[in-house]
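Heads up, there are several structures right after this.
In the two assemblies presented below, chain A is common to both, partnered first by chain B and then by chain C.
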Partner chain A sequence: MDLFLQQLIGGIASGSMFAILALGIVLIYRSTGTLNFAQGQMAMFSMFVAWSAMSTGMGFWPAVLLTLLSALAMGALVEWLIVRRVEGTSDLNSLIVAMGLFLIFDGLALYIWGPLPKSFGPFSFFSGGASCVGGVCIGRLNLGILVVSIVTTALLYLLFQCTRFGLALRATALNRLASRLVGIPVGRMLSTGWGLGTAVGAIAGILAAQSLGLDIRTMFFVVLFALAAAVLGGLDSPVGAVVGGLIIGVVKNLAGTYTPSSVGSIDLAVAFAVIVLVLMVRPNGIFGRPVRMRV
Partner chain B sequence: MLTLKDIHVSYGQAPALHGVSLEVPEGHIVTLLGANGSGKSTTIHAVAGLLPIQAGSIDFEGREIAGLSTETIVRLGICATLEGRQLFGEMTVLENLRLGAYTQGEGKGFDEQLERVLTYFPALSERLELSSYLLSGGEQQMLAIGRALMARPRLLLMDEPSLGLAPLLAQEMFAGIMSLSKAEGISVLLAEQAADLAVGISGYGYVLEVGKVVLGDTARNLLDNEEVRSAYLGH
Partner chain C sequence: MFLVAFPFLHEWPFFRMFLSEFRTFNATMFAVWLLVLLGMNLLTGYSGQVSFGHAALVLASAYLTAVLSQQYGFPLWGAIGLSGAATALVGWVTIGIPAVRLRGPYLAIATFGLMLAFPQILKLNVLTQWTQGALGIRGGVVGPPGFLGGVLDGRAWMYYVAMSVAVAMTVLFVNLTRSRTGRAFVALRDSEVGAEQMGVDVPRYKALAFGVSSLYAGIGGGLFFAVQGFVSPDSLGLIDSIFFLVAIVIGGLGSVLGSIVAALFLTFQSEAISALAGFVPGTNNLRNVFYGASLIAVIVLFPKGIAGFFQRPLWPKLREWNLGSLWSSRS
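Right, the complex of A and B next:
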């Protein structure tokens, strides 16, 4: 039982990291309908920005703040400069744009920071002794990831549900024509959606680096799980992204624990099998919005 | 209050309006008549800043508004309700009304305006927390108008407000628009297929044919005009 609880907590922690990155993917998808494959590489780019800031002697938290602001600007700029040009043309075009972004950020990071891994964390917030209740323990790293994920999710929830600006962001995602009619500056909202999504991705990247280290490929696997989480939860649902991330984290961890080690990385296969099963029953994802029409 | 001069609009290669000129005097209701595709909706969209205008000018209270963004036009005091109502379906009635006031901020003025709007549409006040797609067609139309009113417009543009409403309901709605326009001093430009009701509450009317105004007159004269009656008013 203790082993089960232990693995459950571990799964929730790694799942919350997928969830945060998936949240970023959902924010961007709701903004311009782009399934942003480049989310992982944009997060990786932000991680390098944080690394550069810290290597000039900046402290951890100021570097994080600077990184988030630069990610916000970077995402907004990408929407304004690139995504807006192909919007509303075809899904294929937005797919190609996402691939292009992947290559741009991948290449740019390689050009600026080179191919060698950097030492980046774990920082003091994420290291230290484990906390135990009964026989179940949670390591400092997992605890830190959980705390950051919960705070990030809560702040986003407050922004979207309790502020006028958040209301306008949601309105833009639901109905652009109606948003224009009530005088919302739609273009600015779309840029903001991309900016927020990119900043949230940067947070996920910094969390991932604490256990995975920092190099150009750090986010490859993480973004796969995050994309899967977003699809599982429903691409247009932030709640779905969080739930999807947690499900994938937990299933992956438990599958890894309770299958013999001789079968290797069966945990991935089990996690994706669960996704396929769920999507067979709910093609729009768990919280996805079925297309609803009323004349 | 609103003067269109020689407005040209085209969708891609196809011209939709070629040289529409008309006028909405302060405090009046003006109806656009015309068959499907005559350019009524296009005219409404053009004034609301939802379509690029190729040529011509739109003067609103002495200011040129052709080419301005919808956001700016809303801030200047022109709000539109469109065909299909364009509500935020998944949001509650109250959230829709809050968004209507987006350009106004949400200070003390918001509560006052909300109360005022709800006195015109009391049915909405019992459904504030309901998702708007659950409303009946008539209630949705009320919400669309109510949402536009939240921005305190001085000119209201309405595209086919009676579409999809039962005749009795449509009649009620036009009566509502008339009393609202009088009480609040709001001018109205509306495009309508169910034209007899609309002309009935209007001061002036314009007849559009393939993107051009072919006739403009007082509502009384239009109602007396045999040709207009048989072509557009259904008697």
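Right, the complex of A and C next:
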């Protein structure tokens, strides 16, 4: 039982990291209808920015702040310069553009920082002794990840639900034409959506690097779990992304624990199975809105 | 004529200057990629569905061919045909039919997941008995049948087999795309609801497009194993799937000529980049940036790719990048 609880908590912690990466994907999907397959590689790029900032002697938190601001600018710029060119044409075009972004950020990181892994964390906030309640412990790393994820989610919730700006963002996602008619600068909102999504992705990346280390491939597979989370929760639902992330984290951990070693590691296959299952049973996910088709 | 003579050209005085036996191998791989990319183009360029998992289908068929021929004693060519048929069936039934309900990004996510998960599945300990885990499977030496033994070496024989399969299946492809079925695919791509109104059985044709596309990927995968003589879980990965996409987009979506250009691109891209790196240092590392940028530029500027240049004038299209709109308020 203790093992189960232990794995459950570990799953929730890593799941919270998937959750905010998925949240980034959902924010971007809601803003321009682009499923950003480059989310992982863009997060990886931001992690390298943080690494560079720290290698000039900057402290951890200032470096994180700088990274978030640069990610915000980067995401907005990508929307403004590139995504807007294919907006409203077809799903196919926006997916191809997303893959183009994947290659661009992958290649840029390789060009600037080279193929060798970098040492990046765990930082003091994420290292230290475990905290135990009864026989169940949570490591400092997992605790740190959990805290950062909760704070991130809470801040985003406040932004979206309690500010005029958040209202404008939600309105744009819901109905672009009506938003324009009531005077919301729609273009700017779309760029902001991309910026926010990229910045949230950068946070997820920094969290992932604490346990996985930092190199070009760090986010390669993590993004699959985030995609599974986003699909499970519903691609256009931020609440769904968080719930989906937690479920995926727990399922992944439990599957890893209770699969006999004679089978081998199956975490990616589990994520794939979840995606297929959700798409067959409930394609809009737990919280998603059904999509209607028009000619 | 040129295709038939190709393996011998390097023995002629003139061609010896720039051809070597290695080029025969290149040309064989070109045939393999042509098959794979025709299939991918049918799916994406003609019927408008996206797959980021095509390399997984190729890999699956390569493995099936390897297991059938190396462990169950099937003749290699029979194993390739069987694997191609099996891949087509798998693509049609297990991906194509469920995919009927999935539109746009969902199909992309599912195939993306397949692509990332598949190498791990191949490495599962329970399958090691067949797949040999991470080690991969090595094939035997393939030689020409006895009566040709004195004329051709193994490499030239492989070239003839792969190239004739590729040519035959290209001809079939052209016929298919010009048939009623091919027009139904294109109608699907342009507007699903519109196609339905015109009496196209949308689910049936969507699944069929996936099936035919998988058949091409499957035959290509079987030949991939035969040509390379080796397959491992890491032979093909996500990046290859993405390169397939880059190739057909740059070559030209919805065009046979586009697929041929795409196969040329895929065959020679790494060599070309290496050669370029000789002049401009760092090009090797910038390769993906270059491809990503080309992908976006082609989609925005010339949605028909290189093949489109042969169909209509080019410069008017440049205006459509529409940089002016960057500065005007489009809020």
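The working rule: the second predicted complex is superposed on the first by the 281 of 295 C-alpha atoms of A that agree within 3 Å, B and C clash if a C-alpha of one lies under 4 Å from a C-alpha of the other, contacts with A are read in each partner's own complex, and residues count from 1 in each chain.
Keep in mind that, in the parts below, contacts are C-beta pairs under 8 Å (C-beta built on N, C-alpha and C of every residue); 3 or more make two chains touch, one makes a residue touch a chain.
Keep in mind that this is a model prediction, so the values were computed, not measured.
Participant: Who contacts more of chain A, chain B or chain C?
Facilitator: Larger number of chain A residues touched: C.
Participant: So, A:185: does it touch chain B (first), chain C (second), both, or neither?
Facilitator: After superposition on chain A, A:185 lies in contact with both partners, chain B and chain C.
Participant: Scan A:289 for contacts with chain B and chain C and give back first, second, both or neither.
Facilitator: first
Participant: Considering only touches as defined above, state whether A:177 meets chain B (first), chain C (second), both or neither.
Facilitator: first
Participant: Who does A:212 touch here: chain B (first), chain C (second), both, or neither?
Facilitator: Neither partner.
Participant: Which holds for A:168: it touches chain B only (first), chain C only (second), both, or neither?
Facilitator: After superposition on chain A, A:168 lies in contact with chain B alone.
Participant: One more residue to check, A:42. First (chain B), second (chain C), both or neither?
Facilitator: Once the two structures are laid over each other on A, A:42 reaches no partner at all.
Participant: Taking the two structures together, which residues of chain A meet both chain B and chain C?
Facilitator: 180, 184-185, 294-295
Participant: Which positions of chain C touch chain A when the two form their complex?
Facilitator: By the definition above, chain C touches chain A via 44, 48, 50, 52, 98, 101-106, 108-110, 112-114, 116-117, 120-121, 123-126, 189, 191-194, 197, 238, 242, 245-246, 249, 282, 285-296, 299-300, 303, 321-322, 325-326, 329-331.
Participant: In the complex, go through chain A and note every residue touching chain C.
Facilitator: 29, 35, 37, 80-82, 84-86, 90-93, 95-97, 99-108, 110-111, 114, 180, 184-188, 220-221, 224, 227-228, 231, 235, 261-269, 271-272, 275-276, 279-280, 283, 291, 293-295
Participant: Mind listing the chain A positions that touch chain B in their complex?
Facilitator: Where chain A meets chain B, its residues are 164, 167-168, 170-171, 174-175, 177-185, 289, 292, 294-295.
Participant: Over in the complex, which chain B residues touch chain A? Could you list them?
Facilitator: 48, 50, 69-71, 74-75, 79-82, 84, 86-91, 95, 98-100, 102-103, 106, 133, 147-148, 151, 164
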